[in-house]
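Chain IDs A, B, C, D and E follow the sequence of writing; residue 1 opens each chain.
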Amino acid sequence: MTILETRPRVARPDVRVVRRRLGPGHRIPYAFWIGPILLLAVWSAGSATGLISPAILTAPWDVVVAFGEQWTDHDLLGNILSSLHRAALGLGFGIAAGGVLAVVSGLSRLGESLIDGPIQIKRSVPTLALIPLFIAWFGIGQEMKIVTIALISLVPIYIHTHNGLRGIDGRYAELAETIGIGRGEFVRHIVLPGALPGFLLGMRFAVTSSLLGLVVVEQYNATAGIGHMITLAEQYGQTDVIVVGLVIYGVFGYCADSAVRLVGRKVLAWRRTLED
Amino acid sequence: MTILETRPRVARPDVRVVRRRLGPGHRIPYAFWIGPILLLAVWSAGSATGLISPAILTAPWDVVVAFGEQWTDHDLLGNILSSLHRAALGLGFGIAAGGVLAVVSGLSRLGESLIDGPIQIKRSVPTLALIPLFIAWFGIGQEMKIVTIALISLVPIYIHTHNGLRGIDGRYAELAETIGIGRGEFVRHIVLPGALPGFLLGMRFAVTSSLLGLVVVEQYNATAGIGHMITLAEQYGQTDVIVVGLVIYGVFGYCADSAVRLVGRKVLAWRRTLED
Amino acid sequence: MATDPGGLITRPAVRVRDLHRRFSANGGVLNGLDLDIAPGEFVALIGRSGTGKSTLLRALAGLDRDIAGHGEIEVPEAVSVVFQDSRLLPWKRILDNVVLGLREPDAAQRGRTALDEVGLAGRERSWPFQLSGGEQQRASLARSLVREPQLLLADEPFGALDALTRIRMHKLLRKLCEAHQPAVLLVTHDVDEAIALADRVIVLDAGVVRADVPVDPAGRSRTELRTFLLEELGVEKENR
Amino acid sequence: MATDPGGLITRPAVRVRDLHRRFSANGGVLNGLDLDIAPGEFVALIGRSGTGKSTLLRALAGLDRDIAGHGEIEVPEAVSVVFQDSRLLPWKRILDNVVLGLREPDAAQRGRTALDEVGLAGRERSWPFQLSGGEQQRASLARSLVREPQLLLADEPFGALDALTRIRMHKLLRKLCEAHQPAVLLVTHDVDEAIALADRVIVLDAGVVRADVPVDPAGRSRTELRTFLLEELGVEKENR
Amino acid sequence: GGDAGARLELTAALPDRVAGGTEIRIGDPAIQAVVRASGLDKELADAGVEVRWANISGGPQSIQAFRADKLDCSAVADIPSLFAAWTGTSTKIVFQSVVVDPVNHPIYQLGVAPGVTVASLADLRGKKIAYSAGQAQGALVLRVLQKAGLTRDDVTLVELTSTGDSYVTALGSKAVDVAPIGAANVKIYKAKYPGGGAILTGIRDDASTLYCLTSSVQDAEKAAALKVYVGVRAKALLWQNANPDGYAKAYLQETQGLSEADAKDVVATEGAKGIPATWDNALTRLQQTADLLAEQQNRDKLDVTTLVDRRFEPVEAEAAGADVVTGDAA
């Protein structure tokens, strides 16, 4: 079980007892890139050897060409920006609302019984089917789109924050009760930091949900946006453009997710878990 | 801050120091029902007063009628059963695959760098856009549908289990290392129970995702199923039938979610958190 | 404030009557306990592991809403608890843990001073996990001391400290008690510590106060008291 | 096994040479520590709070892969650690915590016996949170004792125990040591405990072994040794 | 939506004067682009008509918007107005156009999966055909079967919603033998899946309408504005016939994101548009479709004359002037 390992890194001998590591061990540097590069490699290899027919999935190089075309001829940047704008606005409202609702329902059983059920039911129901309602309430313009995205991204924020909050060790609440702290301070000093790991996980879902929500909302009366671009390309059977859209989704989703995880590592420096 | 509360429940006096409770306090009995009943009440009131036009959202009583019609004339039960069958199969595979992948990638940095990226990218990309790929690989029959649902429900299981696993207190891994435990036992005794709260949260998402996935897959070559029913009704603009479908989704989703939470409370009896 | 206007009868700071507490499965942990602590009095509580010392403290702190039992409890408004586990919030740096909930403008300064007093000067910005066991205990002590409560409930606050540090902490506690005159209930396993610090030592056994003896320098000698207490705890002669 | 074939030179069970350990920001915690423990030898380690006792134990247990420093360490294969925090897995009942990782068919029976020995008979199916502080510590002790290691590293295993329980645990530990003859390194804050249990007492200070004295009944008296050790810890006369 | 104007009976003559600043909400993306490119937007503005364009087209989306009263009119084929009626949303068709050579410029062709031989409609017997009950493609399949003299039992209808290029994918992966695919996609399909084919249906599927909420037509101000719009729309279609490149650029390239070559192909497959002198033929065909769907999908009989507002018929024809089409083509 225990082996002796000599590390001659320095002139001074360093013989430690090295126990078999059961946790995941150290982070591999640049591991961030391995997944995407692997995927790209498989895709390229499949396309080059003909295993992946271009009818099913356009080859990477053709996607690059299509990307260039979209960029120069069809204002891809504009599409991306207007999508990001929508997603960011919706996400912002969703995070705010989800966070507040989670704290209210997390800290009060009454609040929970009023808030929790409707949110659970909302999330069980396909968003696509709710769009007619939203159209009736918020019109067919930007407002409806942002509300829809906000409601989509509210759900993971709410559930994860609520769950994280409820998972806080009861001893910390006891402590807070004995030091004569008010509700507000309790929320600020114990609830929010204690629920932060949960919230951050929720963020990872909220970010991708808000991007995916674009596909749904941009089918309705949109004149720009990645979702709109994909919908159009589907109509005309432009596989390469669809794949351009998917790649953009993948890149944004992956980067946003990684960014949230990075932030998580920074702000959760107080934890000592298997992650470290 | 402290007040004295007399509880004359028993003949014997019981005067306790009662500190203002900062946590959520006791569970309200039957709170389970409050959310749905509230929603139903709002909906009924809105429909009765005409605030909610029937073109936008059918009134509850009309939904009951439509439900009856669907039940007797259109084999609603058959639709429900074939949907549940699909969802359950897909969910089962998704849970198994997601759990295994999460443990592998959670415990090995190499595994993580290979598994994690592709899964993050997969979840950033709209499922609808991936369906053509799945059709090409798995045909257009039941197989494709189950694979798609499995891949949809794999994602939350994977991410939550992975996150829960990585969130296990590093001190327990240390303990395990000092008692000469093997990898397998480490997984069984520390990793799985430690990641269980995360897994259960993942389950809540996986269950609803598998149901929502039906809407997507049952657009393809399905002759029965709730998703199929909704798709058809959407094309025809049969609001009442759509709402029947939504209600079924809501009921199933809410019940499944509540069931997972109930199970969670039972199997997490070892925790003392704000939930209790 | 806790004294009656005439000054004739001192109303106790802590008054416990017929206190019963039990955890579902087990029998009773506290079985009719009576206890008075005068304002400014320093009481040490000793008793075997698992007799219910922490349970009593939690009852006094108002943290046992959900535990079966009955009885009457009166405590002052401002209570401060040193928990048996040091219970530092893992997500707050040490100084923030110490000043948690303090609203005074000079809170940070007072926190710094308290940390200095418990020997943790310079560790203000450490995370709890970066402290050794004894350091965590001292940080938790600092958090309680910085608050000047009317009643201090301390559950083995010196358990993880070495002899020298422990003596320093004793001195610190005594100094603070003299300055602010809180009623103190200190749980300890160290009979010598109980005698050194307290005005009165209480032995808890089978859920009731089995012995309640004043530490009176004028009365029986400290060595006698020590022997008596160890006897009460069941320690046989050759081990005392 | 740890003895050389000729039986002339005893190879130490634990051999530490020039051990350095430091946590990034602070200075060194261990600064060139040397230590030998013979097989079957019982060594007590005392030292101020925060001097690095736990750090040393973690190094011996092989749990400090990621801490800066160097030096040489040799330890036997089968090591068992009693951590300063009791570190029971919260999701396992007490008995399951005790027998964790044991593969022998009679593991459950041995676990039960160990729990009985530490005074926790009947608590096999409790969750860790249902135990008092001292009970948790005893459960953690039972977990280590049930394993019969060649080296037992115990970090203040009796810190939360009352006098009587502590004496019982001492007896238990001594009995087990006689039966299986492990090398023991016991961290304690109680000088009397160190003298009562150990063959040798080591005082850690400023990251090195400041004193290393055998507890020799034939040599200087235990009272002398006690005074010496307290002096080494810096406790002034009037407080000893 | 908006401040409603005075109520106008459906039998009353369409008012000529547009009250200043009357706004109509129109989902008609192709015409929107053509109007802008041809300068016809000036004509609208001169008449005092303010169009709030929505990028909405197709049945489900427009019906949803109608129900929420967020849209006045939308450009669709013939099926949506039938479904709107069946599901209780009252609409009126205010504009009809045709394709001048409909049989050779169909909207849909029948795609045939690689390895399957279907040379004529009769070969459909026993084949797996993609069918989506609520969409135009579904109605087309029923009409094709009717024309081939087959019943639903003679073939296997595979329920499959046409979203994006799902039919092309289904054909390519041989999940179905036959599926109606957009004529513009036939070339892409054949290129993607060698061996795949397509046959003409020989059925007119060129119905193209602008349908509006009845309540909007009943709004005097909006009706006046719509009268202007219908006239402009007719001119826009004629401009489109005359300027295929301009149309391709303004609509297909700039708003739909096609490449120049693809856009040209689309224009070529679409064929020239015609403004019928009367709606009689169109209504006959619409009635046939309504009857077929009513029979095949168990729906109520529908009198399609209730779905049109023929007051706009002469407006449209007048705007086209001598360019109206008559006879079989209409």
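Heads up, the rule we're going with is that a contact is a pair of C-beta atoms (placed from the backbone, for glycine too) under 8 Å apart; a residue touches a chain by one contact, two chains touch by 3 or more.
In this text, all values refer to a predicted model and were calculated from it rather than measured experimentally.
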Neighbouring chains shared between subunit B and subunit C, ordered by label: A, D
Fitted rotation between subunit A and its twin subunit B in degrees, CA, nearest 5: 180
Interface sides of subunit C and subunit D: same vs different residues, half threshold: same
Whole-Å gap between the CA centroids of subunit B and subunit E: 41
Separation of mean Cα positions, subunit C and subunit A [Å, integer]: 47
Multi-chain contact sites of subunit E, meaning residues that touch two or more partners: 64, 67-68, 163-165, 172
Residue list for subunit C, restricted to those that touch at least two other chains: 61-63, 79, 85
Subunit A: positions in contact with at least two other chains: 1, 19, 21, 26, 132, 136, 171, 176-178, 180-181, 190, 242, 271-272
Interchain pairs in contact, sorted by label: A-B, A-C, A-D, A-E, B-C, B-D, B-E, C-D
Residues on subunit E engaged by subunit A in the complex (per definition of touch): 27, 54-56, 61, 64-65, 67-71, 163-165, 168, 172, 182, 184-185, 188-189, 192-193, 253, 255-259, 262, 266
For the subunit D and subunit C complex, residues of the former touching the latter: 23, 46-50, 53-54, 84-85, 119, 130-135, 138, 155-156, 159-167, 189-191, 230, 233-235, 239
Residue ranges of subunit C touching subunit B (in the complex, touch as defined): 18, 20, 59-66, 69-75, 77, 79
Residues of subunit E defined as touching subunit B within the complex: 59-60, 63-64, 67-68, 83-84, 86-89, 132-135, 158-161, 163-166, 169-170, 172-173, 175-176
Subunit A residues touching subunit B - in the complex, by the definition given at the top: 1, 19-28, 31-32, 34-36, 38-39, 53, 56-57, 106-110, 112-118, 120-121, 123-126, 128-130, 132-133, 136, 156, 159-160, 163, 165-171, 173, 176-178, 180-181, 183, 186, 190, 197, 201, 204-205, 208, 211-212, 215, 230, 242, 245-246, 249-250, 252-254, 257-258, 271-276
